[in-house]
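Two complexes, one shared chain (subunit A), two partners (subunit B, subunit C).
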Partner chain A sequence: MDEEQLRIFVTILQNYFEQQTLRAAEVGTPFLGEPSALPVFDYTAVIGISGVRRGCVYFTAPGELLRDVLLRVGEPNVAEANLADLAGEIANTISGNARRDFGPDFMISVPVVMRGRGQSIQVPRDAKPYVIPLRWSKHLAALVVSVR
Partner chain B sequence: MFGIDLGKYRTLVVSIFLFLLFDLGVLVLNFVISSEIAQDAEAVNLAGRQRMLSQRTAKAALQIEKQAGSETPDPRLPAELALAADTFERTLHAFRNGGETVSGGGKPILLARLDDAAAQDILTRTDAVWAPYRKAMQAALAPGAGAETVAAMVGRAEDTNLQLLGLMNELTTRMEAIAASKANNLRMVQVGGISLATINFVIILVHFIGHLRRADRELESARKQTDDILRTTQEGLFLLDPEYRIGTQHSRALAGMLGTGQPGGANLLDLLRPVVSQKTLDTAREYLDLLLKHEVKEKLVASLNPLDRVEINMSEAPGIASQRYLKFAFNRVKEGKRVTHLLVTANDITRRVQLEQDLKESEERSANQMSMLVELLRVDPAAMQEFLAGAGSALDGMNALLKDQTEGREAHGARINGIYRIAHRLKGDAAGLGLSSLAGNVHALETQLSELRERSDLMGEHFLPVTVRVKALFADLEAIQSVVTRVAAMRAAVVVDPPRPAADAQAQALQFVQRWRAYATQIAQRRQKCVELSYGGIDIATLDAAQRETIVGVVNQFIRNAIVHGIESPDERRVRGKPAAGQLSVYVMRNEEGGVDLSFRDDGQGISTERIRLAALKSGLLSPERAHTSTDRELIALIFAPGMSTQDHADTDAGRGAGLDAVKEMVVGQGGRIRIGTTRGEYCHFRVTLPAAAARPVQPASEEIKA
Partner chain C sequence: MKLLIVDDSNIIRSKIARALGAYGLEVVGLAANGRDAVARAAVTRPDVITMDLTMPEMDGIQCIREIRKLRPKVQILVVSALADKATAIQALKEGAQGFLCKPFTEQELTDAIGELIEEAQNG
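And then the complex of A and B:
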């Protein structure tokens, strides 16, 4: 996956936070993670990718970040189910826009949301995934791109 | 039958025909006999009427005689007698010979001659009695007939009356018997006909129930075989109608292939729409129309099939996308000359396609590795392993710097410089081993870092291209490692001489010195310069790994630095009275503290403090005032500053200002120190001291640089 394609994912996320919360998300320095030690926060939305490239992309965020996003958009219900829904919505935004931007070379699956920091996300073991840290309103989240 | 081929229905049609024939026969006979019975009933009635007429004639004759002396005789009596006698005779004649008479209602009625012998006998006898009586009546009724003729008629009537009555009774009884016999015959015919029809029906029933049960069994067996085939085949089999609808009978594998629960009845093109391009879909429709609606040979258009390799992407489970390849083949199904359906065979060719792709990738990889192989075959395996270990650590070091999320301009600057130093050293080491393509890729990373350094709005996300490049370098190293492993395997397979003992110090020394010489020659040739490298001292293989790695890395940087900045061109050297080839002298020695001393000296033009001053001013390392007041010593110390270079344009060898920065980092990282001696126009001498392993600090020691 080249820089251009990674930037598409980053831009989608930045636009989401900018448009929904009117507050920009800061992107940290991207680095390469180890498949066995990737960041996983409270809520993780995973999107599978097939086609010319195969693997997955996931967005992972702590509950506090999702709760603050909900409150900021005027949603007082910050129950766990709502937080998971929001993570799913973010993943849907990523997959929907990515489908449009990447074209037919990338097949993007229906996202699945997982709860809990102990979750193990299945990523290709033979490739170092990109970890793109995000900071929104002092909360840390991450976008992980593991595509062969 | 009737020129129609009835096939297996022949027996059924014949049986039904017979059934109908029997029914029709019974109907016709019924009609005929019923008509006869109706006629017989009429005849029985007429025979009964003959009894009445015989009595009426006798009665009329007696009344005529009685009124013979009356002054007012009833004029109707003679007419009544004449009518009764005439009717009696006409009916008698009709019974005997056949002919017309009048019915009870006065209408004419045609009677057939009675064929029954007994009846004819009765009629003959009746005629014998009736004829003289009739004659007497005609005489008595003749105009002017006298009393004697009337008396004669009455006498005859008295004589024959009972006879005639008895004969007509006999006739009536006989005719009733004939009618009863015919009615009986009718019943017999009906019973016989209906019995035959019933037997025929039972035969049909028995025959066809057996036949149907047999056919059902065969059908069931055939259906089971078809079901077994459709259930177990790995292919997707189905019929496609002219509306592109999938038939309800299809193989079980089809649903899995198309990723839909019930493909039966669905439109194939609708199912394919989300997974293939619009162009493929349009071509598929045209192709199907061609097969379904046009007279073209299947084989001729088979190559146009756009669905012979369809890529299907689907989500087998949430979060996991999968990709499959299907091949659809189409054959016409005809009834007569008309194409009614297409038999479609879908095959999952994912495995085959993946193997093809793997083969292609493998071939490409092999082609790439071949050029790399040529480079790697020239490198000593031990040196290569050492390089790979060091390079892996270098990339991990770069990634660690990226992973550190400290924000701010200074932190980003430090990150760039840190990655730069590692990259520069890696580039030197790669070039030193002759890995030119890897060195080129690291050089490209340096270019990206230089561009980042120029940015005033530097943020974390701007490091994305750097991260991508670092990942590519990891991949390069992996590829080199893969080739090295293969080379090692090949060497193991072809080496017949016993391996040289590892303790052959002279040979080992020669190898690393040769590498330095080759590296020096390579750079010198690129710069149109000429150099000679001489070495004295210990075999660096006896040093510990960290010291050895540092000495190799530092010497590589010094060689590059000396040739690029120090050694003059051969012409210039001649003008200065120096030999055309620049002299590089390297000396490595253990010191008394157990550490290592390195001496590197070149006989080039020495360090130009003026050029350093200008470069420092240009790069912003020094303010104009500070640049003006700095001493030579301070200026020379700047050659170790990040980003400091006196070369205007960056190239593979220099210009980034990272070489001596990297040297400083390596030496200081080991807790060592660097001293510089230089005389303008004559030489430049670096002396590096590395401490013994035990004296090495855990954290980098504070730098000590002496000029």
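And then the complex of A and C:
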């Protein structure tokens, strides 16, 4: 994944939050993460990537961010199931939108959502994990792209 | 007009139901995967379907094929995050009449459904 390709994910993330919440997200500069110390917040949604490229993309966020996004978009049900559902939908939307640039061979799985900050996310050993930090409202979250 | 909403995300199903319910469509069913959608389409006989593509058990493309056999005249709007042109073209070839990319606003959704219904009424 080169800088230009990572910028695709940055733009999609920015567009998602701006369009859905009418409030811009501050998306930071991507950096190379340490596989054993990747960010994990309360809810983590992992999308498997297959086809010409292989690896995973995951979105991880605290429950407070997901709850505030749901309320902002008019969804009154902020039960845990819906927080997990939103994390999955964000991961799915960002990965799916990336096909606009990567093409239909960038094949994505349905999201698998994990709860808890103690989770360990296994990324492929042969794909460098890039962390894209995000701040929306006062909450921190991250997108991790580990695709070769 | 009767509407069936197919999406594996509960919050997306709710968003579509709120927007299109207010637009005047009667929501007759919600389905979280393609297999469930085929069964519900047979029972509820919808006029319009919103269809996700990436779903467990049966994906949206296969689901469109199956529903077309049951309901040849149903209007199908694909609502998917898959933003590449090839996917949109494939969905239209399989029998969908429209394609709306996620993320979407309620206005974009009602505009897309409005166009679909208008085209159907104009034959």
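Just so we're on the same page, the second predicted complex is superposed on the first by the 142 of 148 C-alpha atoms of A that agree within 3 Å, B and C clash if a C-alpha of one lies under 4 Å from a C-alpha of the other, contacts with A are read in each partner's own complex, and residues count from 1 in each chain.
Note that in this section a residue touches a chain if its C-beta (ideal position, glycine included) is under 8 Å from a C-beta of that chain, and two chains touch if they have at least 3 such contacts.
Fair warning: this is a prediction, and the values are worked out from it, not measured in the lab.
With subunit A as the common reference for superposition, the partners subunit B and subunit C occupy compatible, non-clashing space. Once the two complexes are overlaid on the shared chain, A:L6 sits against subunit B while remaining clear of subunit C. When the two structures are aligned on the shared chain, A:V112 is found in touch with subunit B, with no touch to subunit C. Once chain A of one complex is fitted onto chain A of the other, the partner contacts of A:R99 are limited to subunit C, with no touch recorded for subunit B. Once the two complexes are overlaid on the shared chain, A:R54 sits against subunit B while remaining clear of subunit C. Using C-alpha centres, the superposed arrangement gives subunit A a vertex angle toward subunit B and subunit C of 60 degrees, stated as a multiple of 10. Applying the stated contact rule after C-alpha superposition, one finds that A:F31 touches subunit B and leaves subunit C untouched. The least CA distance from subunit B to subunit C in the superposed model is 8 Å. In the superposition on chain A, subunit A positions 104, 108-110 are in contact with subunit B in one complex as well as with subunit C in the other. Across the interface of their complex, subunit B is touched by residues 2-3, 6-7, 10, 26-32, 46-51, 54, 56, 104, 107-112, 122, 128, 130, 132-133 of subunit A.
Interface residues of subunit B, counted against subunit A in their complex, comprise 277, 311, 313-315, 317-323, 399, 402-405, 407, 412, 415, 459-461, 463-465, 467-468, 470-471, 474. Contact residues of subunit A toward subunit C in the complex are 15-16, 19-20, 70, 73-75, 77, 81-82, 85-86, 88-89, 92-100, 102-104, 106, 108-110. Partner subunit A is touched in their complex by these residues of subunit C: 8-12, 14-15, 18, 54-56, 80-84, 86-87, 101-103, 105.
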